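Written below as structure tokens is the structure these notes are about.
Chain nomenclature is as follows: A, B, C, D, E and F, assigned in order of appearance, with residue numbering initiated at 1 for each chain independently.
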Amino acid sequence: MTTRYPAPTLEQVPEDIKARILEVQDKAGFVPNVFLALARRPAEWRAFFAYHDALMTPETVGRESGLTKGEREMIVTTTSAANQCLYCVVAHGAILRIYEKKPLVADQVAVNYRKADISPRQRAMLDFAMKVCLRSHEVEDADFQPLHEHGFTDEDIWDIAAITAFFGLSNRIASFSNMQPNPEFFLMGRVPKEKK
Amino acid sequence: MTTRYPAPTLEQVPEDIKARILEVQDKAGFVPNVFLALARRPAEWRAFFAYHDALMTPETVGRESGLTKGEREMIVTTTSAANQCLYCVVAHGAILRIYEKKPLVADQVAVNYRKADISPRQRAMLDFAMKVCLRSHEVEDADFQPLHEHGFTDEDIWDIAAITAFFGLSNRIASFSNMQPNPEFFLMGRVPKEKK
Amino acid sequence: MTTRYPAPTLEQVPEDIKARILEVQDKAGFVPNVFLALARRPAEWRAFFAYHDALMTPETVGRESGLTKGEREMIVTTTSAANQCLYCVVAHGAILRIYEKKPLVADQVAVNYRKADISPRQRAMLDFAMKVCLRSHEVEDADFQPLHEHGFTDEDIWDIAAITAFFGLSNRIASFSNMQPNPEFFLMGRVPKEKK
Amino acid sequence: MTTRYPAPTLEQVPEDIKARILEVQDKAGFVPNVFLALARRPAEWRAFFAYHDALMTPETVGRESGLTKGEREMIVTTTSAANQCLYCVVAHGAILRIYEKKPLVADQVAVNYRKADISPRQRAMLDFAMKVCLRSHEVEDADFQPLHEHGFTDEDIWDIAAITAFFGLSNRIASFSNMQPNPEFFLMGRVPKEKK
Amino acid sequence: MTTRYPAPTLEQVPEDIKARILEVQDKAGFVPNVFLALARRPAEWRAFFAYHDALMTPETVGRESGLTKGEREMIVTTTSAANQCLYCVVAHGAILRIYEKKPLVADQVAVNYRKADISPRQRAMLDFAMKVCLRSHEVEDADFQPLHEHGFTDEDIWDIAAITAFFGLSNRIASFSNMQPNPEFFLMGRVPKEKK
Amino acid sequence: MTTRYPAPTLEQVPEDIKARILEVQDKAGFVPNVFLALARRPAEWRAFFAYHDALMTPETVGRESGLTKGEREMIVTTTSAANQCLYCVVAHGAILRIYEKKPLVADQVAVNYRKADISPRQRAMLDFAMKVCLRSHEVEDADFQPLHEHGFTDEDIWDIAAITAFFGLSNRIASFSNMQPNPEFFLMGRVPKEKK
């Protein structure tokens, strides 16, 4: 598939977007493709990352969440695999490996989360996320019960659903526009102890 | 299904959000439930409506689109029906009727867009939107061809895909949280000539 | 889609069919398209409406049913939406609104009956109807239990299944032949108090 | 599954129904279960068989059809298999074998009509019937073209669709009520030359 | 579909394969097509029938199984019908009729095993087989419980799964290569008492 | 999921199986779990690996194939992902990376082969493999045409189908028995130049 939507260069993007990208580059060592690919439409870029941050780094918007950073990435990797989104599975699978310090978990949840080496709490979390991902119209009161039993509050459940919904958006944009993951992601977090 | 996520009152929301809600109320005559329902999480509210505006009112972000206002709502109504989202089908179906000045079209596309009284160009637009909605991982170069033949540019196609993706997010949040459409929406735009 | 199967005029149909159509016209104020569309084949017309009446107005064949008139139309609207039949959703949705005196209920069950404002008894009824509609081969003894708990007898359950099956037939004929609902249906029953 | 809807005895049914049943028994050598199973509701019985006859023996209602008797049964067997209806596959598979004088064809179309020993014309007929059976909402003008190429008229196509739709009704009633085929059907038409 | 992969003649196959085929011919009265169709690749033939025998005649490899011969064929017929494999449904349906001495059972399980005249134990066995056939990635601990309740050991369950998996392979090869069942199979076991 | 089917130790398996396992261990540096997991049933083990070798190393049975070793593993990885088989995706994805000398390709085809960096010939190969995997009953003459255009012979196509079918068997057994991939596989072939 050809690249129909070429990404701008760093020089072409507005200053606020450029600043964030440089910050990410400094931290990660490279610029994840999504940052430049979406920057061709600055207003959408700003909304996308504002939403992303509100859900994925709730502390930056003054909110706490009962989900760990690793659990949030686990939701992203699992539901993105259900949507067959190459970019998100590879990029967020990498972050998941790093946060959870488990080099195998990303491949496990991407292929079949039912066989993954995760806790029963995480399994319940992913069951709910997958229902929101694939059959949100069937979500009912009974679906909240198993999550409550594992200690998730209704606010935590909102997080699970909203992360799933947000990356469902991300998956569709990445797939239709043929966004490719950076090669760096494929290896990140696979070697247990890596030092810069 | 019980209301697990009660909406704040207008008094409880931050000033910027309150201002926008009052503006909407002034224009529509009532406050669509989504505005208060999402306001319980201000950061997400702001990102949601920033994204919404960037796609649905591109002129507010300095961008033009080859899609008419009615076509944008037609995408929302059709794909929200595929996701069986009660709130979005009813609310955006109402807006679609008003913009297109066709009192029957919303029900037509919601039940079966293939039988709707729309143009071949709109049919091609909805075929693509439905593929992004339901099978985005299968979108390929060949899917762009029929849209080009109807005069859609690649930027227009980005709009089709992004609107579909954004309301896929909206559908999932509305469904999981049991958001109900305001009764006012059900009748809006059905009587050909209504005057305030 | 072109009209491949033009409807006869009222003058062209046999007398018994004409009489019934005039009766309907007198009552409804217009002739629902299905009456003329099917009249091009009188033998099938007669069987169709005989079957319709036996199920939808059981009192006309000397039978009582535990389903209300509104519940019968609710089954039709919900399952016709599952089959994406434009004619039946619009026409029977209109009748449903009138019988139930609930202007919102038809849109609710058509988009997602799980989110509709209906009784638990009606929810159980629709769960069963949807299973007969979509997966009749999987119906088993256990599916009757929830209906019995809500007071439905086995005869009532036959009604639920037979109405679903009959309109499954109707849905397929209307869709394949591109039958369009009369414009009058779209607004019927939406304004709470309408007087002739 | 228990028999929740016991069939009446021949003595218990109205005279007109009894007369038809005796006629069938005389011809077939036994009473196919559907005749008594449905007779518990005489009005539905009469509508069902009137519809059946209008489609399956068009000459009895003064109509000709471009489909052979065998082709009509082939549609029933194939679509009933798609609906996994035990009664209809076995009963109409038997009649199909007899009409087509092909002892293998019923099993072939029931398991996978794409691998059956049938003509290209019949293959096109079954492709259309299966679309009406499973995805009638997607039928479009383009679906009529291959049928025209094989000599089917629009009236013949109505027959294909209506037979499929009618037996979709029959399949659902037989499955939900657990109607079992008579043992006699399983062997009928399998031995090439059988004489009474 | 043309025959793209012509079967070798008996003279063309290696001696060990020929010996087995002659043995089968002697017993059955004809050579089932699978034996010659696969013989065009001797190494695959040997592996295929070695696997077949290890599962279907465990006594030949010094193993006992809690499944009867009829139950093994019942699994093959039911899951092959789910895969719509003409060869396997017809061939193994014939063997099933003979082993179970029930002339109706093969058609019953092929059309809809839920309506078949089988024991609750066999129903549980087929529920598990169908899950392995269609959704093996969802098999979990809870799926073993109903089988244990009916007396199946974990080794018996391995047999159910492995037979399903092996014939899933067989189904795919037979379907893609258009393997046709011998006419003899269609009638085998249908007449209660047949003598050679 | 508990381990219901414990693998034997190397000491417990028959000599011929042990010899092969030691050979694999010597070459790979570890014993892939499938070798011991299946060895609990020696007859099935022997048939499984005989079939495996006949398809995956055709030169060992005196046959040539138009598929490269990498292409064979690409089929396995892609179709095993469709079946959500954790063991096979991880183990064969590793081998695929090594054979193709492309560290990214396994993740690409496992998530969405349509977006993978592969040749048009390989894309056609995988389209066919996926059809055999998911809808083998729909394979028809027309499906062979694109493969011929890319230079695949009918014998090569048999290889594609048979590899898909064989690993469909493998997927089902691995999933139902909860076979876990060795940790070594996850990293294999990801670092471009690795030396022993």
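Assorted remarks:
Throughout what follows, a residue touches a chain if its C-beta (ideal position, glycine included) is under 8 Å from a C-beta of that chain, and two chains touch if they have at least 3 such contacts.
Every value quoted in this text rests on a predicted model; they were computed, and no experiment measured them.
Touch-path distance (fewest steps) from chain D to chain F is 1.
A centroid comparison over C-alpha atoms places C as the chain most distant from chain F. With each centre defined as the average position of its C-alpha atoms, the distance from chain E to chain F rounds to 24 Å. Mean C-alpha positions place chain A and chain C at a centre distance of 45 Å. Along chain F, residues 1, 84-85, 112, 114-115, 137, 140, 175 each make contact with two or more other chains.
Remark: the chains found to touch one another pair up as A-B, A-C, A-E, A-F, B-C, B-D, B-F, C-D, C-E, D-E, D-F, E-F. Contacts from chain F toward chain D in the complex involve residues 137-138, 140.
Listing the residues of chain F that touch chain A in their complex gives 1, 81, 84-86, 89-90, 103-104, 107-108, 110-112, 114-116, 175, 178, 180, 183, 186-187, 190-191.
Chain A meets chain E in the complex at residues 112, 114-115.
By the touch rule above, chain B contacts chain A in their complex via residues 1-2, 4-5, 41-44, 46-48, 50-51, 53-55, 61-63, 83-85, 132-133, 136-137, 139-141, 144, 154, 158, 161-162, 164-166, 168-173, 175-177.
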